[in-house]
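What follows is a short report on a single structure.
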Amino acid sequence: MSPLDLTVDHSPFHRLIGLVLLRAKDGEVEMRLPWQEAFGRSDRSDWYHGGILSALVDIAGDYAVASRLGRWVATIDLRVDYLRPALKGDLVARARAIKVGRTVGVADVELMDEKGAVVAIGRCAYSTSA
Amino acid sequence: MSPLDLTVDHSPFHRLIGLVLLRAKDGEVEMRLPWQEAFGRSDRSDWYHGGILSALVDIAGDYAVASRLGRWVATIDLRVDYLRPALKGDLVARARAIKVGRTVGVADVELMDEKGAVVAIGRCAYSTSA
Amino acid sequence: MSPLDLTVDHSPFHRLIGLVLLRAKDGEVEMRLPWQEAFGRSDRSDWYHGGILSALVDIAGDYAVASRLGRWVATIDLRVDYLRPALKGDLVARARAIKVGRTVGVADVELMDEKGAVVAIGRCAYSTSA
Amino acid sequence: MSPLDLTVDHSPFHRLIGLVLLRAKDGEVEMRLPWQEAFGRSDRSDWYHGGILSALVDIAGDYAVASRLGRWVATIDLRVDYLRPALKGDLVARARAIKVGRTVGVADVELMDEKGAVVAIGRCAYSTSA
């Protein structure tokens, strides 16, 4: 079996948002999302739209489980808690698989702004059955 | 007080994804998301990336609560359940405010594909305090 | 195959809380929880403790999926939103299976007080793989 | 102002389940739930009923936020992920406030069995406005 190709550029959506994979191994993932003006909540603010944050949570959690399982997984459900406004600037996502079972995998995700403050956290369940 | 301007084009992110507001009134919202190739999960599939679905859930729920409250609200947290793969084609989001309290609002969201099948459901909590 | 015995009294926990099954068929469930003083949040209030509400959500959702699947299911995760204080008095739980797939089932639950007001809502994911 | 009385025995529900508070200070909480036969899932198993676990998650998270805020808080919503079956024996809950804001507090909770294995995790949002 060839190992899973843990890169992000095979996905049109990942390319749209310019996602950068920093590392993905053994259930630990780190990604970077460079700021784009198109991510703004409104023309009158410097905040990220929350929609881009929840997308980032989903992706990072998926790679965390996949990096330990050795194949891609489908999201069952996810929860995102927005802890503080995310100001424009690059974001870093850190995800960790906390369970990779026979039918379900669970990952925890933290999104940090450029100063290292956690702006949102996510918890995601994935289907791991083949 | 001028009424809340319930349109979607003030947001760079809404323009990026090409969101169309069909109606938003009294806690009931309907939006349409026309398909773009950039929404694809992978170059080898015709499925939506889940990240775009969770963003749509968040936006539709927000407008549902805002349309009853009369001002914008910030997302506290959200849950998305992915019920079946969303194939390429336009999506419709229907959201309904099920609580608009003094400090918290809650909305339920359904995402439907072109055939009317529900592909994902969301439940979101928003901060309603001024 | 003998049909699943959809009663509630095989469980010590169900007996502890005095749960009454009203109906469970084809993914639709209705249960009643008669009030007990032991369910109180505090000695100085007439409110239910939230913990008993989340338990009721979990049970009702489980029976909804099981009643359609024909076998018991294990909870993957659940979300409960508390919409208003639940005052002492009997509660009714109504649950509905909204997906019963090969690996995952999803149920929606509403908890109503004696006046029919919805006091809490739940959304639960269950593992349906054999 | 007298400090918040962070004990657990003022609640009939806490007394019903025999909850023991080990510590609650500055957003960090530890509780113990001694096993009772009434917590069993079924007469034919040695597993906890999931309903008692979600109740424990809610309580521990609440105390975590309250211990930092200095007053009681009401649960907005919660998520519980069941990671493995909880076998009979005492449980320990560890909760940590990860945000205590002006309107919302968020807590993370872990439930551990007697061997220290994490059987369930919870994430809860509470209303902190006075």
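All chains are identified by letter, namely A, B, C and D, in their written order; residue positions are counted from 1 within each chain.
What we mean here is this: a residue touches a chain if its C-beta (ideal position, glycine included) is under 8 Å from a C-beta of that chain, and two chains touch if they have at least 3 such contacts.
All figures in this text were calculated on a predicted structure; none of them were measured in a lab.
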**Prompt:** Looking at CA centres, what chain is most distant from subunit A?
**Reply:** C
**Request:** Between A-B and B-C, name the chain pair that shares the greater number of C-beta pairs in contact.
**Result:** A-B
**Complete:** In whole angstrom, the CA-centroid distance of subunit B from subunit D equals 32
**Request:** Could you give the separation in Å between the centres of subunit A and subunit B, each centre being the mean of its C-alpha atoms?
**Result:** 20
**Asked** Between subunit B and subunit C, what is the separation of their C-alpha centroids in Å?
**Response** 28
**Per-residue multi-chain contacts in subunit B, two or more chains** = 76-77, 79, 81, 106, 125
**Prompt:** Which bits of subunit A are touching subunit C when the two form their complex?
**Reply:** 76-77, 79, 103-104, 106, 125, 127, 129
**Complete:** The answer for subunit A against subunit B in the complex is residues 10-17, 37-44, 49-52, 54-59, 74-82, 85
**Prompt:** What residues of subunit A sit close enough to touch subunit D in their complex?
**Reply:** 79, 81, 83-84, 98-99, 106, 118, 121, 123, 125
